[in-house]
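Next, two complexes with chain A in common: one pairs it with chain B, the other with chain C.
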Partner chain A sequence: MKLNEISSRTSEWFGGSGPLADVVVSSRVRLARNLAGFQFLSRCSSPQKTQILEKLKAAVMSLDLGDEVFYIGIDKAAVLDKDVLVERHLISRQHAHAKGPRGVVIANGEFFTAMINEEDHLRMQVFKAGLQLRECWEQISKIDDMIEQKIDYAFHPRYGYLTACPTNVGTGIRVSVMLHLPALRMTGQIEKFFAAAKSMNLAVRGLFGEGTEAVGDFYQLSNQVTLGVSEVEIVDEFTDSTIPKIVEYENLARDQLLVKQPEMLDDKTSRAIGLLKNARLISSQEALFLLSHLRMGVNMKRITGVSIPVINELFMLTQPAHLQLNSGKRLEPAGRDRLRAEIIRSRLNQN
Partner chain B sequence: MKLNEISSRTSEWFGGSGPLADVVVSSRVRLARNLAGFQFLSRCSSPQKTQILEKLKAAVMSLDLGDEVFYIGIDKAAVLDKDVLVERHLISRQHAHAKGPRGVVIANGEFFTAMINEEDHLRMQVFKAGLQLRECWEQISKIDDMIEQKIDYAFHPRYGYLTACPTNVGTGIRVSVMLHLPALRMTGQIEKFFAAAKSMNLAVRGLFGEGTEAVGDFYQLSNQVTLGVSEVEIVDEFTDSTIPKIVEYENLARDQLLVKQPEMLDDKTSRAIGLLKNARLISSQEALFLLSHLRMGVNMKRITGVSIPVINELFMLTQPAHLQLNSGKRLEPAGRDRLRAEIIRSRLNQN
Partner chain C sequence: MQCQFCKNNTATIHLTEITDGQRSETHLCELCAQKQGLTVKTQIPLNELLSTLLSVQAQPEPASADDEERACPHCGITLREFRKKSIFGCPDDYDVFEKYIQPIIQYSHEGGSTHCGKVPSKAPGETKKHSELSALRRELQVAVREENYEAAAKLRDKINQLLDTKK
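And then the complex of A and B:
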């Protein structure tokens, strides 16, 4: 498996299926782990980092993670390859831009990824489409146990798993869902969502994680507390209470639009498809914005003839690094805008 | 002929044909005249105005102006009817909103209109499609001569025709053309056009005359000097020099776009048609803007399957009063935006 083979298709967890998929794009559970007997990375020399990398790579690669598993040495990877991995949420921006020996293990279908020598020695993630946090947790927990049979994690009987940043100490878990909330924004209620998230001590981030703005009405919601509460409690709280409540608010807002402003709603979704099918130059920001409206229109059954998997595919394939890797060459922004518009146009006019 | 019969079609002079029609939408020659033996209107009593109206109406209606000629008493007309006449350039906004006995004579096809008791006792206009100022002048001059056989105009051997406003004294002529200059604006050269017009002592106005902004890249260009220069000189100057020069500049700008920014050009015109064919709510400003881009795209042969007459028809039929008169009822702005989008969508999707 090569990177340009995966870069031409959509990640499985971004395919548009799964429970509550109209609103919950995907679920993710991440665990932060560190090896016993090694210092945290900020205090490691390069040879020590190499040692950690070798040890963890061997442990993770020896697991049964499906038909194909591949490893990429991030310190030696080309910029464009790293950017594609970031756009696919397989590595963090920090991991792409860091220095020193580091890598990532990726399972086929991209349901699993393990960054080695990011902020912690090991950061593993399991992704699934729709609201499937329990399934993510069960799977990553099994993988975690299998790894623990091979190596020793830094673990404190009182504090739990030790991590480079104190915010991750304890369970080392981060539970997050990517939400599509166009109607809450359109009806002016998105601030309420932010306020509610804050009051529940949850973090809200944009499509590409920490520090990026929410574009195209996509929001990543994740826990911030990892100490003094079990993994199962966090997953249950998200699955049974937090996320269903937000989904309900979004669906109420969609119903409001249908009842009170159907014309405004249809205007926005129809304009989106009109522009996507006709524009010759589209920036990535505008593409996200328009595809978001289109996604809502299809999910609300106001637009027919376009499928959610096609829309999600376009979200992914029209991102800057994907465009360039798939076209086989570096492109200036104007060239990317042209190619992006071309891909969207031809894909949507096929339908 | 009733107003709602003419309001459902395009004026002949706005049909998109005629010399240099890609850039010159239409030509118009207007004459301002006053009756001898009567004071200017600002000093007239209502009975005197009625006398003037009767006299001029009889004179104009007795002429041979084609198959059908109709008269509308503006002082008794409904607001919506008056607004439709303004939108069709058949009467001025001032004539619509004035007080006292006044009216308009309109010939079939709308090539000729005569406002009685506007600013002057009589203001006649002849319209033609494309650059046809000489033809406009010949026709209005003949009509003027025929009227002069029936009544006496206020005429001074030294100053010429006397008019209520000194700017019209002399020939009483106003020669004007409606220009479509999208490429000059798109290439950032429209200010040069304004400066050139100013230096030639010409007035530039928007689509609806005095005091309105140019929207949709349409500009009315007209002479300001009426004294000390003959009608033929003014018409010749416009026809042989001024207008061909501006047409050349616009065409150069279009060529520039084709050579240097073909993608930007196609993006703008494709977006315009994408929005026009899909939007569910369109304001009149946005409609003018998008139809202007579409008109340019068709004239430059970058868009096929839409004809200029259809586009011009849409410019006219989607104006607020037209929308309401043709739908048979008063509409709030939101209702107009909906109906406007519906008309545009169904007309363009027929093609």
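And then the complex of A and C:
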């Protein structure tokens, strides 16, 4: 499997299906683990890192995941390849930019990835479309059990799974849900969402773009507490309480728009499709912004003739590194804007 | 998007002001924003936040200057180094620095101080062997660091023996 074989398609977990898919794009559960008998990475020499890498790579590659897996050595990978992996959420930005022996094992369907030698020796995650955190947890826990048959984890009777940073210690779990919240922002209520997340000690990040800026109204909501609370409790709280509430708020905001400002709503979504179908140059920021409006318009049945999978595909394939890898050449921003507009135009005009 | 002031650089700072219910947006590059006297509030990195927490946290037993410089016998990291980066050097640091780091751990986990949740399936019945193994491994690390290869070889054999009886 080569990277350019997956870079021309949408990840399964971003396909637009699954429970509550109008608002919940995808679910992810990540586990942080370290090997017993080794120091954490900040204290490891390059040969020690290689030893850890080889050990974990062998353990993960030998698992039966019901899908083919492939390995990419991040220390030797081209910049563009690494950027594509980051854009697809298969590795973290930190993993792409770090130094030293490190890599990632990826399942063909992209539902599973295992970063080796990121901040911890092993950080593995399972993705699924829509709200499926329980399914993610069950799957990653089974994979964790299988790996544990082959190696010994650093585990403490009091502190649980030991991690390089004490903010991850205990369960080592990070539960994340990717949310599309355009109506909350449009109705000026997104700050309420931030405040609610903060009061529940949850972290909010943007799904696209660098840093925390949430371009295109996509937000990633994650737990921060990992000690003193079990994995199942965290997953249940998200699944049964936190996420349904946010989905309800977003849907209320959508209803509000429909009742109080239908013209404004239709103006925004119609402008979005008009621009996307006709623009000749489009920046990645503008594309995310307009595609977000379009996605909302389609989900609210104000726009027909475009499917959610097509929109999701455009979100993914028009990211800067994807454009370049798929066109087989390095492109300056102006060239990317032209190609991006061309891809969006031809895809939307097919429908 | 271009900077509204110099019309040259890309605008990376987006300022939204609401005055008397009127919303206005300004888009600036970093340079022009600085000239306008705008300081950019970036997200505080987690480790910085932790370091700050650590420095203000009331500690039942404040670390003395000697404690600050005391190094973990297994990885060599000092408390001072941990405070700087909030990253441990090895799994043993959780025990070595326990009394100093406990308040931070509890703070970042809403008071949580003891693991509850999944336990490695190997752990329960074999806890003893487990800890013996990890003790041997620690000794092995020390022996290797001290270049005491004779002792290291013996330890390695012991470890392998234990691992074999496990199967």
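Basically, the second predicted complex is superposed on the first by the 347 of 351 C-alpha atoms of A that agree within 3 Å, B and C clash if a C-alpha of one lies under 4 Å from a C-alpha of the other, contacts with A are read in each partner's own complex, and residues count from 1 in each chain.
Note that a contact is a pair of C-beta atoms (placed from the backbone, for glycine too) under 8 Å apart; a residue touches a chain by one contact, two chains touch by 3 or more.
The shown structure was predicted, so the numbers you read here are calculated from the model rather than taken from an experiment.
**Q** Looking at A:330, would you say it contacts chain B, chain C, both, or neither? Reply first, second, both or neither.
**A** neither
**Q** For A:225, using the defined touch cut-off, is the partner it touches chain B, chain C, both, or neither? Pick first, second, both or neither.
**A** Once the two structures are laid over each other on A, A:225 reaches chain C alone.
**Q** Per the contact definition in the header, classify A:142: touching chain B only (first), chain C only (second), both, or neither.
**A** Touch status of A:142: no partner.
**Q** Quick check for you: in the superposed arrangement, does A:274 touch first (chain B), second (chain C), both or neither?
**A** first
**Q** With the two complexes superposed on chain A, say which partner A:192 touches: chain B (first), chain C (second), both, or neither.
**A** So A:192 meets neither chain B nor chain C here.
**Q** For A:76, select first, second, both or neither according to whether it touches chain B, chain C, the two together, or no partner.
**A** Neither partner.
**Q** Pick one for A:150: touches chain B only (first), chain C only (second), both, or neither.
**A** After superposition on chain A, A:150 lies in contact with neither partner.
**Q** Which of the two partners, first being chain B and second being chain C, lies in contact with A:264: first, second, both, or neither?
**A** Only chain B; A:264 stays clear of chain C.
**Q** According to the contact criterion defined above, which of chain B and chain C contacts more residues of chain A?
**A** For chain A, the partner with the higher number of touched residues is C.
**Q** Enumerate the contact residues on chain A facing chain C in the complex.
**A** Residue positions touching the partner: 34, 36-40, 42-43, 119, 141, 144-145, 148, 152-162, 164-167, 169-171, 173, 201, 211-212, 224-233, 283, 285.
**Q** In the complex of these two chains, what residues of chain C are touching chain A?
**A** Touching chain A from chain C are residues 1, 42-43, 46-47, 50, 74-77, 85-91, 94-95, 101, 104-105, 108-123, 127, 130, 133-134, 137, 140-141.
**Q** Chain A touches which residues of chain B in the complex?
**A** Going by the criterion above, the answer is residues 263-264, 266-267, 270-271, 273-275, 277-281, 334, 338, 341.
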